[in-house]
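Both of the next two complexes hold chain A, though its partner changes from chain B to chain C.
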Partner chain A sequence: MNYDCLIIGGGLAALTCGIKCAGSGLRTGIISGGMSALHFSSGSIDLYGYEDDRTIVYQPFEKIEKIISQNPLHPYARCGMAIIQEAMRFFKNEASCGGLELYHNEESNHFHVSTLGTIKPTYFSQRSVFNEDIKEAFRQRPKIALLSFAGFRDFFPKLAAANLQKSSLFRHLEIITGEVILPMYSKTARNPHEFRSIDIARIFDSERYITNIAEQIKKASQGAVFAGMPAFIGITNYNKIYRRLRELTGIFVYEIPTLPPSILGMRIDDALKRRFAELGGEFIAGDRIVGGEIIDGSLDHVHTENHGTTRLRARSYVLATGSFFSGGLTSGFNILRESVFNLKLFCQQERNTWYSPRFLSTGGHPFLAFGVETDDNLHPFTQDGKTVENLFCAGAVLGHYRPIVEGCGGGVAVSTGYAAAKKIIDACRTSSQ
Partner chain B sequence: MIKLENISFDYCIKCTVCTIYCPVARATHLFPGPKQSGPDTERLRIKNPELVDESLKYCSNCKRCEIACPSNVKIADLIQDAKWRYLKKKFRFRDYFMSHTDLVGSIATKVSALINFFMSLSIVRFFMEMFLRIPMRRVFPKYNSRTFQSWFRGIKKSQSSFSKKAVYFHGCYVNYNNSSLGKDMVRVLNAMGIGIEVPDEKCCGVPLIANGYLKKARKNAAFNISSLQTILSDDTTIISTSSSCSFALKYEYAHLLGMDNTKIFNRVEYITKYLYNRFQEGMAPKMKPVNLRAAYHAPCHLERMGGVIYTIDLLKKIPGLDLVILHSECCGIAGTYGFKKEYYDISQKIGQELFRSIERAEAEIVITDCETCKMQIEMNTPYEVIHPVSLLAKALDQ
Partner chain C sequence: MKSIETKAIVIGGGATGCGTLRDLTLRGIEAALVEQNDISSGTTGRNHGLLHSGARYAVKDLESARECIAENKILKKIARHCIEDTGGLFVTLPDDDPEYHNRLIEHCKYAGIECEELKLEEAFRIEPHLNPYILSALRVPDGTIDPFRLCSANILDSMERGGKVFTHTRVDAIIAEGGTAKGVRCIDEVSSEPFEIRGEIIINASGVWGQRVLSTAGINLTMLPSKGSMVIIDYRINNVVVNRCRVPSDGDIIVPGDTVSIIGTTSRTIDYSDIEKLTVDDDEIDVLISDGEKLIPNVAKARVLRAYCGVRPLVAVSGNVDGREISRGIVLIDHESRDGIKGLITIAGGKLMTYRLMAQWTTDLAVKKLGLSKKCSTFHTPLPGSEQKVKKPQIRQFTGMPNSIIGSTLYRHGNRVSSILSRQNRNFSLVCECEMVTVGEVEYALKKLNVKNIIDLRRRTRIGMGPCQGELCSYRAAGLFNELGAASPIEASQLLIDFLEERWKGIKPILWGDALREMEFTYWIYQGLFGLGDIAERSEDE
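What follows is the complex of A and B.
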């Protein structure tokens, strides 16, 4: 099989890159081994959230500007400010074409609420988490209700409320808690331990129970302006259901991301995959690259678990396999490696230097900054230090940034995915001229 | 004692992604989903087989969980294995008759006119539903009056003139129900200058595995492996026009039945991948425009094998074909699953999304690689469903 661009990995960076490439008329394939980390994400895209001392960054672009000048190895510095801004506009637009509207607070960050009731700075959110109306309503110091579904074990309104009230934004607001009973709950009660957000979300992909639930929400909220609930408003029919709920209740139903599988994250996954397919991209699911051959500083072909000896070839390749969690990086007892091509890593090899003694250390863990070392064009190096000219790296597989401490995982994925795509498109244009 | 060779479920991180993409769990609450039926309860079952839960029988073995799993756990294999290792087996005539396709097929083709007539009578179907629990509404495939093998014996001589050869594992469906697909396949390869050899073969074992006849499945597998191993030279490809047969020969023999198929593993290829490679070598036959708008449905097992890209690539090479690629959904029939009364409604419910998307595609015809997907789609939509190879045969410029 011959592609212009073959992307290894199927998450946020890969899909952003794939959409850009396919949209520019390149024959683009994405090979994804299992569903991506978007299924475990908050569904908001963080650009830059925290200073090193954990104070909140309100102006992410200003902060990124500083990072670019201070740390030239940071993936943001490899992209450059203009590309990052372009990538954000592109991403918002493409998600919208895939059926998912994203909202941002102009150039500033806004906050979203986590399952435990902590607040997190972020850049893009979905309609049920942030938009101009929500911003305006929140200014009026509204009453807030936190509601859960009876029998749902992944969200505890009282715990979330107690935590919310610790934050200065919510300290003086009235927060009440309550419960909503699903009309068909008795049917699912057989497997309460399997009662996940997805089971609820599926119910709300249709409009069947919506009036009943709307009434219950209204009643349980006792006059509150916001009803914070575990994300449940379906996946494929989200926009319509959200609008209907708003009409029926008059309340802002605010979605809180829950434990995996995350409905909000899956919506992004769904919208991007839809868009990628629409642009003619080929998504190869459930397969894994087992190796490839690098000849004279250029990746010649790759082969996969399913295709055996058949070689997949492309003019350019993108490695977007993610970090340790997604399997892009693996660790042994005293060894760290990049899983597919054994590329050169930025890391420390001695095990006792990988982590901080405290699990929730403010400085984070050193291993989270480990990843593939690249040049300014996102090209990686082989173990003997040679660059691989037609291979680009994007997303969490990259080193030199700390996604959790800095609150920038999503932004780096989108920016580097987009930056890689731009370089590939340029390379294809010059080579075909 | 815990068997250390079978602990792939230990890689499960309990993320529940498989359950999201399980078509059965979406259709019914009776199935707790692949995570619970597979890796979760496997750790209980290996300690105490009494802890097996009956609900795992609802798994249709479509393998979508394995495609979705981020941790590479062979979930569907775990469930299939547990189904027959731990659940009490009850003899059911229906299951015997539906899974022993060779036995039933060889008799049915001899009296095909009679069988096809009887199966079209509502009264017969009424009794079949009553006594055999085979739902009346399910449309059965017709039987041929002559098997593919017997047809092939008649033309066998003509194949010796080709210097390049391929071995064709035709499977039961082509042999007993749809020999025209086999004939199309011979026509296409002959037009490309490739001769066909048909080995002695038995049912690949897919329906046997699905109905708990593992011993018989192993026997068939051993027969097929040795027969395919000895026919022609080592570098001749063994092709199959059934996505599920090729999946069994390549993967289920080793993973589920524990057979050693290494000698044939690299030789077995699903037909579209084989054609793709020959087309790459410049062996594409001359084609004329088909002038058709068609919707393509990718069968679950082909998707699991990663074969969909080859079929799509092949279809794109057929001139005059306006192709709509349907969003990947399970059709619900899952082999013999949808033929059973207890699963019939689930099977129909699973397919609804696909049937709707076929309607929306506004195509004249539906293309799919799998024989049972074809049965399910033809029964539930007004469209004719054909195999990519049959479409290619139509396009041949002869």
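What follows is the complex of A and C.
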């Protein structure tokens, strides 16, 4: 099989890159081992959220400007400001084409509320989390209800309410908590495993129970303007169900991302995959690239777990396999390596320097910043220090940034995925001229 | 200051303390127990959980071996739900002295331990993953014992007989007036409130911490702490206990337990001042894993779940010690004859296996000092949950619930399963999916088993002990603490922080491979998704 561009990995960076390439007419393939980190994400895209001292960043682009000038190794610096801004516009537009509208607070960050009632700065959110109407309604110091489903163990409204009340934004608001009963509850509760957020969301992919739940939400909210609930408003039919709920209740049903799987994250995954397919991209799920041959500084071919010796060839390749969690990086007793090509890593060798003494330490853990070392064009280096000309790296497999501590995981994935695509498209155009 | 009156006071909630409290209450003596942390949180909960047959001691220490096999037989009767009668093997590797095998057979005979020589093919049938190059194999009646469950059952029985238990309560000082111990001054570590308990007899069963406790009464007893480290392998890679047939040394035993296997143990003398800040060293992990591999090669491929260590409380019985040194292991001291302080007893040394025997001797002495004459019955009175084998009709009431849930609950709580699961209340939805811990089990533990935080809850139920190390269940547990009225929402958030930090201690030393992947995921959820670090920071500021 031959491609113009073959992307290894199927997460946020890979899909962004794939959509851009496919949209530009390249024969594009994505090989994905399974569910990506999107399935465990907040479903909002963070651009830059926190200063090093944990104070909140309100103007992410201004902060990124500073990062670019101070830390030339940061993935944002490899992209450059113009590409990052272009990538954000592109991403919003493509998600919309895939059926998911994203909203942002002009150039500023907005907040979303977490399961524990902390507030997190982010750039893009879905309409049940942020939009102009929500922003306006919040200005009026509204009453807020936090509701869960009876018997649901992945969201405890009382914990969220108590912590929310500690934040300066919510301190003076009236926050109540309550419960609604799932129409399917008697059936669902029978199986102890089948009561995750995804099981609830599946019920609300259709309109069948919508009037029932709307009435209950309205009643349990006791006149509140917002009803914060664990994300449940379906995956594929989200827009319609959300609109109906708004009509029926007259209040803002606000979605909170809960323990995995993340409904909000799955919607992004769903929209991007749909868009990629629409543009003619080829998505190969359930297979894994296990290696390839680099000849004269150029990746010649790769082979997969399922296809044995069959060679997959492309003019350009993108490595977007994620960090340790997704399997892009692996570690052993005292060894760290990039999983597919054994590329050169930014890391520390001694195992006892990989972590911080406390789990929740504010600076995170050193290992979270480990990743592939690249040049300015996102080309990685082999162990002998040579770059691979037709291989680009994007997303969490990259080193030199701390996605959670900086609050920039989504932004880096989208920006580097987009930047890699631009370079690949340029390369294809030059070579075909 | 609040003052509580009782007859006997036990200091220390390890196996010995819990066993002594039970023995006292079984003999109808009013008693209270004070523990600085949680029951079974010290040395008791920090070993590999081997139900010794005595074979490991047979060659070197015949008396300990005899005590072990006697207690082994008793525990199999009275604590059946805390025990798995797996049996155990002693295997000789090519590097080992083949002569030890014969000596072991001979000494087991002296000690009264059944020891059967196996054909190699029989050994591989029992334990297919054994090192294929073993030279010989012996079978002994080893098994596994869950120290948390054992202590919890002893405490539960004591409380049902009127015993009082104060966990997370530190003994500040022994109150000694005119050469007589009259009680203890304590501090409730949760509320920081001081109070005192007064009684006629005080039993110090605080193990290695006894040196500090006794010093408050002006008594000098030197403890020689020795650190032992272990690693836990995810999933149970062996069916039976596998021992290396040589003089006991580092990394020569793999004990299966519940859903995991544990490689033990190292032995390092440490300074007394270090007992509160123990860490597992990298080189210990190296030894345990490389030697564990020699017994069962699959260890190399398995994921390491966590590492932990405990302190063996060896007592220096030297100089003009007037205490009765009953065996080489167990030390029972009457401080009236040793130090001139009436009403004070110390029980120390020994091992988890002999906790019941130690409790018996201690209580015998206490009873004598109180001028009573009540006989011990712990050797035949089953612990709560172990009264009898659970019969089919009892299980039938759970029809409709998944077998895995009934089985796990039964495994952990024996007969008490009936007070835990309930079809009517639908309380069998899962909190911890690795270890099949249900809402009902959490509720039962919170109400009946002295649980003050999620770390305690883990010891009662195995919540957070599985492969994910509390990734999903710790939030659920924190929510349930609030829902069941055991913590305010803000307190529940703090319990969650404390639990994850406690888990982290045992993961740090083995942070590579899948453990590192899992922790990246956990950090992602609790910091990235939930912002728990912000709450931790806020509570530090306050």
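Keep in mind that, in the parts below, the second predicted complex is superposed on the first by the 431 of 433 C-alpha atoms of A that agree within 3 Å, B and C clash if a C-alpha of one lies under 4 Å from a C-alpha of the other, contacts with A are read in each partner's own complex, and residues count from 1 in each chain.
The definition used in the following text is that a contact is a pair of C-beta atoms (placed from the backbone, for glycine too) under 8 Å apart; a residue touches a chain by one contact, two chains touch by 3 or more.
For clarity, every value in this text was computed on a predicted model and none was experimentally measured.
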item: Partner chain(s) touched by A:P260 [first = chain B, second = chain C, both, neither]; value: both
item: First, second, both or neither for A:G409, with chain B first and chain C second; value: second
item: Winner by number of chain A residues touched, once chain B and chain C are compared; value: C
item: First (chain B), second (chain C), both or neither touched by A:A285; value: first
item: Touched partner set for A:S36, first chain B, second chain C, both or neither; value: first
item: A:G223 touches, of chain B and chain C: first, second, both or neither?; value: neither
item: Chain B versus chain C as contact partner of A:G250, first or second or both or neither; value: neither
item: Partner chain(s) touched by A:G25 [first = chain B, second = chain C, both, neither]; value: neither
item: Contacts of A:P72 with chain B and chain C, given as first, second, both or neither; value: neither
item: Touching both chain C and chain B, counted on chain A across the two superposed complexes; value: 37, 40, 190-191, 193, 260, 327
item: Chain A contact footprint on chain C (complex, rising order); value: 282, 400, 402, 405, 426, 428-431, 433, 438-439, 472, 475-476, 478-480, 482-483, 488-490, 492-493, 497, 500-501, 503-504, 508, 511-513, 516-517, 519-521, 523-538
item: Parts of chain A lying in touch with chain C, wherever the complex brings them together; value: 37, 40-42, 54, 114-116, 118-120, 151, 153-154, 156, 158-159, 161-163, 166, 189-193, 195, 257, 259-260, 262, 323-325, 327, 330-335, 351-352, 354-355, 357-362, 364-365, 367-368, 403-404, 409
item: Parts of chain B lying in touch with chain A, wherever the complex brings them together; value: 15-17, 19-21, 26, 29, 32-33, 35-36, 66-72, 265-266, 273, 276-277, 303-310, 312-313, 325, 327-328
item: Chain A to chain B touching residues, read off their complex; value: 1, 29, 33-37, 39-40, 187-188, 190-191, 193-194, 196, 198, 202, 260-261, 266, 277, 282, 284-288, 304-310, 326-327
